[in-house]
Amino acid sequence: MTFTVKEIADVIGGIVDGNPDAVITKFSKIEEGEEGGLSFLSNVKYTPHIYTTKATAVLVSTDFVPTNPVHATLIRIEEPYVAFAKLMAFYNQKKNKTGISKHAAIAENTVWGKDIYIGDFVSIAEDVVLGDNVKIYPHCYIGEGVRIGNNTVLNPGVKIHHGCVIGNDCTIHAGAIIGADGFGFAPQKDNQYLKIPQLGNVVIEDNVDIGAQTCIDRSTLGSTIIRKGVKLCNFIQIAHNCEIGENTVMAAQCGVSGSTKIGKNCVFGGQVGVNWHLTVGNNVQVGAQSAISNNVKENATLLGTPAFKASDCIKSYAIFKFLPRYVARIEELETKLKELEKSKE
Amino acid sequence: MTFTVKEIADVIGGIVDGNPDAVITKFSKIEEGEEGGLSFLSNVKYTPHIYTTKATAVLVSTDFVPTNPVHATLIRIEEPYVAFAKLMAFYNQKKNKTGISKHAAIAENTVWGKDIYIGDFVSIAEDVVLGDNVKIYPHCYIGEGVRIGNNTVLNPGVKIHHGCVIGNDCTIHAGAIIGADGFGFAPQKDNQYLKIPQLGNVVIEDNVDIGAQTCIDRSTLGSTIIRKGVKLCNFIQIAHNCEIGENTVMAAQCGVSGSTKIGKNCVFGGQVGVNWHLTVGNNVQVGAQSAISNNVKENATLLGTPAFKASDCIKSYAIFKFLPRYVARIEELETKLKELEKSKE
Amino acid sequence: MTFTVKEIADVIGGIVDGNPDAVITKFSKIEEGEEGGLSFLSNVKYTPHIYTTKATAVLVSTDFVPTNPVHATLIRIEEPYVAFAKLMAFYNQKKNKTGISKHAAIAENTVWGKDIYIGDFVSIAEDVVLGDNVKIYPHCYIGEGVRIGNNTVLNPGVKIHHGCVIGNDCTIHAGAIIGADGFGFAPQKDNQYLKIPQLGNVVIEDNVDIGAQTCIDRSTLGSTIIRKGVKLCNFIQIAHNCEIGENTVMAAQCGVSGSTKIGKNCVFGGQVGVNWHLTVGNNVQVGAQSAISNNVKENATLLGTPAFKASDCIKSYAIFKFLPRYVARIEELETKLKELEKSKE
C-alpha cells in the first residue's frame, strides 16, 4: 500500500489540510502512529493524541479546530471513522476463498451456488440449500433442511440446527449456535419438569452479524426471528420465540428471555438481561448490566436493576453512594429535634 | 397431522366446549392462530388473544371463564400447557436416527449398546462405554474412560473430558463442555499463580438437561455433581467441586463459583451469580441478576446484589428509585428546624 | 501411590506432627477424608473438618494451633495449599501424549517441533508454526500464519484465527475462541451499521491460562494483548484492542469492552463488566458483578454497579437494605416537626 495523502483524500472526498504529497504506507492507531501511517480521530477522548501522533496523516471531522500545533497532515471529512473503515475494507478485500475440502462430509442432495467454500470437517445434513459465495469454515455443522443466502460467512465451529433459515450477507462468528432447543419445561407435581418439544426454527434475515459463541434458540412454534441489520456481539443469549428488530445492536453477554420482542434501532450495553414475554419499543437505549423487567416504550433510555429512566437512575445512584451522609443528617435532625422538644418542656 | 377436536380431547382426557368435529392440522401460537391450528392458553398475559385467535381449537384450564365471545372450540383440561407439550412430543417423535458415520474416529475398545447413532467427525478416545440408544451428533469429543447412560443425546460439538460420567435420559445441547479443568490457582509470592491439578471428574445423574455452551468444570478431587432432573439453560458456569441438587432449574448465564452446594428444587433467574464455598438450601428462589454472597436457608426467596429477602429488596428498591425526593424532604426538615431554632433564640 | 507420611514430608520440606510411618495411598478432601488419604487445610472455613476428618494426614500451616484433639497426622508447612498442589501435579504427570492423528487435516507447509500431539479432526491452515511439545486436542482449528510456542496445550474445540500468536506454556481450555473479529460497527444515517474491518490480531504471552468458551477478539489495528501469567476463567469476553496486564486473574463471565487496558496483578470476581476506552491500574481488586465505568487508579478495591470504593459501597448497601426504616424516621421527624410548629403558633 503506497498512496499520497491527496490520492486518499480524492478517493473518500476529503479536504487536505497540510502536505498533499506525503506518502501513506499503512493504517495505524492515532496513539501509536508511525511514519507513513494513516490514522483517524473520532472519539474526543483521543483528541490529545493528535498533537503528538507520529502518523503522517489523520482523518478528522470537517469542523475540527486544533488548539495546539499539529504535525500530521489532516484530511477533513464529514465522518472520519466511517471513511477510515471504508479505506480499511477496500484494502482488506479477502482473497475469494473457494473450493470444497476433501475432508468435508456433505449430504448428496445438498444444493449450492457459485464460488462456494466448504472447509475441513464441515458436516452438512440432508436437504440443505446454500446460496452463491457462501463461505463455511472448518468444523461447522449444518442440520437438515437449513437454507443459507448469498454471501453469508460461517466462521469455524458454527452449528446451525435443522430447519433454520439464514439470509444474505450475514456473518456468523466462531462457535455460535443457531437453533438449539429453547429452554421450555413444564413443572410437574412431583417437582420434576416435563420437556416441551421445540418444533419451530430460527430465521435470521439479511445483513445480520452474530458474535462468537452467541446462542439463538429455536422457537417452540413458529420462529425466533432476527431482523435485518441486527448486530449481536459475543456470548449473547436469545431465547426461544424472541424477535429482535431491525438494526438493533447488543454488546457482549446480553440475555433476552423467551417470547420477548425487541424493537428496531435499539442499543443495549453489555451484560443486560431482559425478562420474558415483554415488548421493548423502537429506539430504546439500555445501559450495561441493566435488567429490563417490564415493557418499554419507544425512545426510552434505561438503566438499573431493574431498569428505569436512566437520568433518574443516575440521580438516585449519586445519592446511594453517599447514603451514610444522609443517615448522619437524619440522625442530626433527630438529635436537634429532641433538644428542641426538651427545651419546650 | 389431521385429527378432529374430539379425537384430541379423548387422547388427553379433555372436555370439548364447542365443535367436536372441527379438524386440527397443526400446532400454532394463540396470538398467530390459523385455520386448523391447535393452540393453548396458560400464561394469563395471553388471555386477550383467546377472543381474537384464528386457531380452530384452544386448550384451556378447566376453570377458564371467558369474558367475551370465543370463536375457537375450547378443550378444557387441568394443565393445558402440559397437555399441549405431550401432544407436541407425541407428534414430534423423531425418526430413530441410528448408525455410525464413516467419518467418525472411534477407539477400538469402545463399547456401545443397541440403536446407537454416532455422527460425522465424532472423536471417541479409549475405554469409553455408551449405553443403548445413545445419540452423538457431529463434532462431539468423548474423552478417555467416559461413561454415558441409555437414551442420552449429545448435540453437535459437545465436549466430554476424560473420566466423566453421564446418566440415562440426559440431553446435552450444542457446544456444552463437561469436565474442563476447574479454575484452581494458588497465588505465589512473586505474583504468579501455581496451577492446582484438577484430578476429579464430573458426574451427571439421570434426566438432566444441559444447555448450549454451558460449562461444568471437573473437580479438584472427587466429583462435581449434577443431580437427577436438573435443568440448566445456556451459558451456565458450574465451577469445580459444586453440587447442584435434584430438579433445580437455572435460567441462562448463571454462574456458580467453586465448592458451592445448591439444594433441590431451586429456581434461579438468569445471570445470577453465586459465591464460592456456600450452601444454598432446598426450594430457594433467586431473582435474575442477583448475587448470592452467603449461605441461604431453605425456602428463601432472594433478590439483589448482594441478595437478601426479595420482598425487602423490592421495598428498598422502590425507595431507591425516588431517593432525590427523600433527600429533598431531609433538606426541608433541616430548613424548617433551623427556622424553629432561630425563632427560639 | 504408596508413601509414608515421613516420605511426603521430606519431599516438600514439612514437619511431621504425629505418626511418621502412617501410609498414604491417595489424595482426598478434608471433609470427605478416607483411611490412607492425604488432605490439606488452607481456607479457615474448613478448619472444623480437621477435628473429624478420616484422612490419615493433613497438610497444615506451620502456625496452626488445634483447639480440639486431632486424629490425623499433621504435616506442617508454610503454604499447605501450594504444597498439596505440587504433590498432585507430581503424581498427575500426564503420559506424554504424542503423535499425529490420521484424521487431522494439516497444511503441507506446517512447521512443528518435537513431541507434538495433533488429535482427530484438527484443521491447520497454511503457514502455521508450532513449537516443541505442543498438544492440540481434537476439533481445534488453527488459522493461517498462527504461531504457538513450546509446551502449549489446546484443549478440544479451540479455534485460533489467522495471524494470532500464542506463547510458551499456555493452556487454552475447550471451546475458547482466539481472534474472532472485534465488534466494530460505525452507525450510518439510515440506522444501518457499517462493519469496521478488524485487521489486527491477538497476542498471548507465556504462561497464560484461558478458560473454556472464553473469547478474545482480534484488534482493529495492532494487537489485543494478554500479558504473561494472566489467568482467565470460563466465558470471559475480552474485546478488541484490549490489553490485560501480567498475572491478572478474572473469574468466570467477566466482560471487558473494547480498547480498555487492565493493569498487572489485578483480581476480578465473576460477572464483572468493564466499559470501553478505560485504563485500570495495577493491583486493582473488583468484587463480583461490579461494573467499572471510569478509569481506576492502582491498588483500588472496587464494588458496585457502577463500581466505587468497596468499603464505601458496603456501607451504602447496608443502609439500602433498610431504606424503609430510614424513610420511617424521616416521616416521624416530619410529624414531630409539624407538632412543634403547631405548638409554636
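A, B and C label the chains in the order they appear, each numbered from 1.
Going forward, contacts are C-beta pairs under 8 Å (C-beta built on N, C-alpha and C of every residue); 3 or more make two chains touch, one makes a residue touch a chain.
None of these values were measured; they are calculated from a predicted model.
Touch-path distance (fewest steps) from chain A to chain C is 1. Taking shared numbers over all numbers used, the chain B to chain C interface scores under half, which places it in the different class. For the two copies, chain A and chain B, the CA superposition rotation is 120 degrees, given to the nearest 5. Inter-chain spacing, taken between the CA centroids of chain B and chain C, is 25 Å.
Shared interface positions of chain A, i.e. residues touching 2 or more other chains, are given as 121, 139, 157, 175, 213, 235, 253, 271, 289, 305, 320, 326, 330, 333, 337, 340. Chain A meets chain C in the complex at residues 27-29, 32, 43, 45, 79, 81-82, 84-86, 88-89, 92, 101, 103, 119-121, 137-139, 155-157, 171, 173-175, 207, 209, 211-213, 229, 231, 233-235, 246-247, 249, 251-253, 264-265, 270-271, 288-289, 305, 317, 320-324, 326-327, 330, 333-334, 337, 340-341, 344.
Put simply, chain C touches chain A in their complex at residues 105, 121, 123, 139, 141, 143, 157, 159, 161, 175, 177, 180-181, 183-186, 188, 191-197, 199, 213, 215, 217, 220-222, 235, 237, 239, 253, 255, 257, 271, 273, 275, 277, 289, 291, 293, 305-306, 308, 312-313, 315-316, 319-320, 326, 329-330, 333, 336-337, 340, 343.
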